[in-house]
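What follows are several structures.
Same chain, two partners: chain A is paired with chain B first, then with chain C.
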Partner chain A sequence: MENQIEIKNLSKRFRQKRVLEGINCIFKNGIYGILGPNGAGKTTMMRCITGLYSFQGTIEMNGKKIKKTPQTEIGYLPQKFGLFPELTVWEMMTYFCNLKKIPKADQYQVIEDALHMVNLISQKKTKISKLSGGMVRRLGIAQAFLGNTKVILLDEPTAGLDPEERIRFKNIISNMSKDRIIIVSTHIVEDVEACCDHIMVMNRGKKLFMGTNEKLIEYADGRITELKAGDLTQEDILFVEKSYLQDGEKTYRVIMKHPVEAAAKSNVEDGYLCLLKEH
Partner chain B sequence: MYVLHIKKIIRNPAIIIPIIFMFALSIYYLFFYSGGYESYLQGALCKLLLAVPYVFFCFLFISYEIFHSYCKNEVHESLCTNRISIKYQRYDFYILFVLDSMITLLFIAYQIRFYYGMGYSMKPLIWYSLKVAIIFWGLVILLGIIIGWGLSGIQNKLVGMSLLLAVFYLFDRPFLQLLMGISQGRLPACNFATLFCIFTSAEPGAITDTYYLMSAEHVHLFRILFWIFLMLFLLFQVAKNKAAVLWGIAAIVCLILFFQPTGASYSLPVINRFDRWHAEQFYYDNAYTGDSIVSTKTDMEDFNITAYDIDFWVDDILNAKALLKISDRNLDQYCFTLYHCYHVTNVVDQKGEKLRYQQKGDYLTVYPSNGELSEVTIEYKGASQYFYSTGQGIMLPANFEYYPIAGKRTTFVYNNYNTCFSREVAGHNAEFDVTVYYKGDLKVYSNLSEKEAARKGKYRYIRYKSTSDGMTIVGSPYLLEKEIDQVRVIYSQLEHDNNPTRKDNMEELRDFFETLEELGHPLYNKTFIIAPENNLQNYCFSENHIFNQIFGAKEQAIQYYKYGKLYDEPDEEDRDLMDQAEDMFQ
Partner chain C sequence: MSFEGALKNKMTRILIQWRGMKWLRYIPFLVNYFILPGTLYAFSKFVDNYELENYFVQLSFLFIPIMSIWWIVLILHEYTEGKGSEVLWIYEKGKLTDVLIFLAMYILSLIPFMLCAMNVLMVDIALFGQMFAQSFFYAGTIYMLAFMFHSVTAAFIPVFAYNLYAYDRIYQLLEKANINSIQSSGYYLFIGIIFFGIGITYHKNL
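Then we have the complex of A and B:
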């Protein structure tokens, strides 16, 4: 089934500070990555979609206002995700099942499937206090997928995870995207590049871009070059991305203000940074 | 869901240890520790009231710990996404409520066990214990739970714990004393201060007397409900829950009801105008200091009241409609004494025409419109702090001006030697036709002859009719009537030392009756109403009844009937000192 979230003119203000400003976008089945620096408004937008915050504008899911959407259709992994340390993994999942009003008869199967999915079935009797940070995060993902969820919102899901856990997370997400809208908010470009079909870039509460990875890469096409230390004085440099040693000499990967002839191949990160620095 | 929440609580040592500790300590304190409290009736209540602040704080802390776990473990956001806001915490609240009910049941069990142990097994006493348990124990703990819940949202635990202590201070005695210091005896400020009196006094004075016991009237219920609703309002308001409006309205209603006039007679842990022991002193300190003297009458009346036809409605306050027949018809003004807390609302003459009147302090002056007044009907309502008349009990002795008395009389004697209500009765015989309407399970008695008793609507009533020089009305669920040596004796069965059924008291009583006969004022076929023990310094001698305790009654009767003395007077040494002081000033 095709699901759709339509956001029209979404704005949010905390007292005098405007955090979101006139955001318009449509999410359909698939994985969306929301990229933006800290303070861009990613978490606020997520919280508006979950209904945690009141807002100006409209958010509709499948034609219905988001506040009238049954709670069971939205799964959410917040940025700061915690659990009751006194309960076991299984008890905690039962707790979430009860909150999502999943019938008692179905709970066993639903929990088992979710724990299998995040590879935590062997830990089901372990107390939450004994789990590692990565395991808690995976459990958070599992709870977000519980029930008949049509939208999954994952706020900074890979924060604090080691590389192996991050790969596992990407695999889980990729496998679960069928018939669902998955929105992943992060400032780590690699995560988005690896598993998202679409990217939305935000900065200072505004939407800067929404489209496929390729479209974002196009922003930096022909503008990425590698310069030696002596060439860094050029006025055409927009942003110095990183530096590394090449043939024993320090080399810089640079985004230029205008296309150059001997440009290097650009990637999503280049496109993202190019977009941020130009706006 | 309950099971998961219980597991969550049981497995958290920071919560379960205080709970176990509190219950163990409560059981030990209630059932295995005497502390000298259990030798007298008020001991049970005093012992329980003493523990209330500590149990309140325990629940405050436990509640804070339980609800703070959501904040501490950062589970709020993932739970709130399920659009249930603070509702998901309701299971914890229910568990705490069950714990509150359990400890309240312990309290009730202890009280009932105590009363049975002392030989009191009346049904009204059990109901009273239940009421006290709910108001002063169950609801106070519930308030602690809700405050703990409200403060649990504060992230910083140090700040949270500091606020818990601040809340405790808010309801404890030092803050009340501070409020009283600020209020400087002003009536509205004193009344406002009583709003913070959540931990009722644990001193023996908390029990008014054995007619009334400790006050458990509506005013206390409104006070605690106000705080509960206010805290719920704040809690739901912060959570942006629409139910906040309902809680807010409920809090305002309870606050309004709390400030309504009440006849509840209670003791406070600080000096306050609403404390029964200090109410009169406050009033007479401010209004009558110069006028209060030791004398029987300050101004002889110019007229007599020959008959009274009074209807009393005993509710939260006393409502009365008194028709008085007057001996002298042609005076310019008629002055009556009526206790200042009874506010006159209407005065009409024999034709039903409204009369001009002026009520100032304890005195009411009525001005006849046509120069002739044979009958006057006075409607009034109000309540005294000391002599109560509510659904919980009635104590209206004949020496107290709760119905209009002819002339100006001193109502309260307040000098270096006496601080008491005046002990004289009206002094003239009059025909009394009095009906007392009351609610509840009171047993109402009077020195007057009972003519009729029945029910009218929600009220029960008793009609009395006879001639007397004064009228005493007493009422309590615990009163009994007994005839001893042809004297009708009325007493509270909760009395211990002052109980006429005890062998030594019976002998004392017979001796007292014989002395009265020797003094020429036999009490045969008359009534002796045994005043409760706490009714210090108040007694009266009327032609057809005596209202007094057993002990000391004989000596006071000798002083009164032989020497005409009703008050303490300075002895020779005191007089010398007073003379010396006078000389020094001159």
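Then we have the complex of A and C:
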């Protein structure tokens, strides 16, 4: 079943500060990455979709205007997650099953499947206060996927996860994306590049880009080059990405304002930085 | 989901929240069934029955209403100060039912204490009616302040301060007025309902 979230002219203000401004976009089944620096409005937009915040504009889910997403159809993982430290993993998952109105007869299997998915089944009787930070994060991902959720919103889901866990996370959401809208908010480009079908770039409350990885890369096509230290004074440089040693000499990977000859191959991060620096 | 299923779900959540309180859930029992009677027993060695009844009234009004919000504070803590509490706000539209259930559980837990006091000290049942009305008022106040300040700690302090103030005032009122007067109970119930309503409004408009 094709699900759709359509956001029209979404704006949000906190007192005098405008945090979101005129966001228009459509999400359909698949995995969407929302990229942006801190303060871009990613979390605020997610909270508007979940109904935590009031907002100007409209959000429609499958054609119906909504102010609050029905709780049984949404899964949400906030930036910080560490509830009920005195409960066991199983008890906490049972609590969330109850909140999501999952029938008691189905709860055992649903919880087992969710804990297997995040590789926490061996910890089901462990108290949450005894889990490591990465395990608590995985538990948060598991509760987001409980039930018949059509929309999953994950805010910085890989925060605190080690590299192996981050790879596992990418595999999890890839497997669970069928017949669902999964929206992942992050400032880590690698996470988005590896598992998302579409990317949305935000900065200062505005949407700068929405499209595929390939379309984002095109922004930096022909503009990536390597320069030595002495060449950094050029006026054509838009941004210095990083430095490294090459043949014993310090070399800089830079984004130029205009296409250059013999440019290096660009990637998602290059396209993302191009967008940010030019807007 | 059927009504029966919804009721089972609710009871399971109440039980899980009860377990989540750990040993702290026993504090009201410790106060009402050990500290309060123990203190009265100690006093009984030095005072006559009439004065003992007065001390019972004083100590009961000092402890019983404030203990009524203990379990409520513990269950609201995750919703207001827990890491990631916003996820609970999405899935659960209101906490009012749970708060009222825990308040009712507390009142029911006092029945043995009440019966004992009525038989041993000949305490009037209306006294407990006033205490329960004050407990309802405290529950409404905590509910309102917890969602207003997003903090149970910030909510508890004014209620605790009021309890100390009210303890002295109520004792004076009881001395002056008829102990069976329901006027103070009525006020407490009315204001408690208003505060619950304000708390619901704050809860809905995060």
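As a convention for this text, the second predicted complex is superposed on the first by the 276 of 279 C-alpha atoms of A that agree within 3 Å, B and C clash if a C-alpha of one lies under 4 Å from a C-alpha of the other, contacts with A are read in each partner's own complex, and residues count from 1 in each chain.
Here, a contact is a pair of C-beta atoms (placed from the backbone, for glycine too) under 8 Å apart; a residue touches a chain by one contact, two chains touch by 3 or more.
Nothing here was measured: the structure is a model prediction, and the numbers come from that model.
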* To do: Sticking to the clash and touch definitions up top, decide whether chain B and chain C on chain A clash or fit.
  => clash
* May I ask you to decide whether A:Y53 touches chain B, chain C, both, or neither, giving the answer as first, second, both or neither? => second
* Asked: In the superposed arrangement, does A:N98 touch chain B (first), chain C (second), both or neither?
  -> both
* To do: Look at A:G140 in the shared chain and tell me whether it touches chain B only, chain C only, both, or neither; answer first, second, both or neither.
  => both
* Structure fact -> chain A contact check, chain B vs chain C, more residues touched by chain C
* Is A:P163 contacted by the first partner chain B, the second partner chain C, both or neither? -> neither
* Which holds for A:L83: it touches chain B only (first), chain C only (second), both, or neither? -> both
* Asked: After superposition on the shared chain, which partner residues are touched by A:G63: those of chain B (first), chain C (second), both, or neither?
  -> neither
* To do: Pick out the shared contact residues on chain A: the ones touching chain B in one complex and chain C in the other.
  => 50-52, 71, 74, 76-84, 86-87, 91, 94-95, 98-100, 140, 143
* **Residues of chain A that touch chain B when the two form their complex** => 50-52, 71, 74, 76-87, 91, 94-95, 98-100, 140, 143
* Asked: Which residues of chain B touch chain A in their complex?
  -> 1, 4, 7-8, 11-12, 69, 73-75, 77-84, 88
* Interface residues, chain C side, partner chain A - complex -> 1, 5-6, 8-10, 12-13, 16-17, 19-22, 78, 82-93, 205-206
* **In the complex with chain C, residue positions of chain A that touch it** => 47, 50-54, 69, 71, 74, 76-84, 86-87, 91, 94-96, 98-101, 103-104, 140, 143
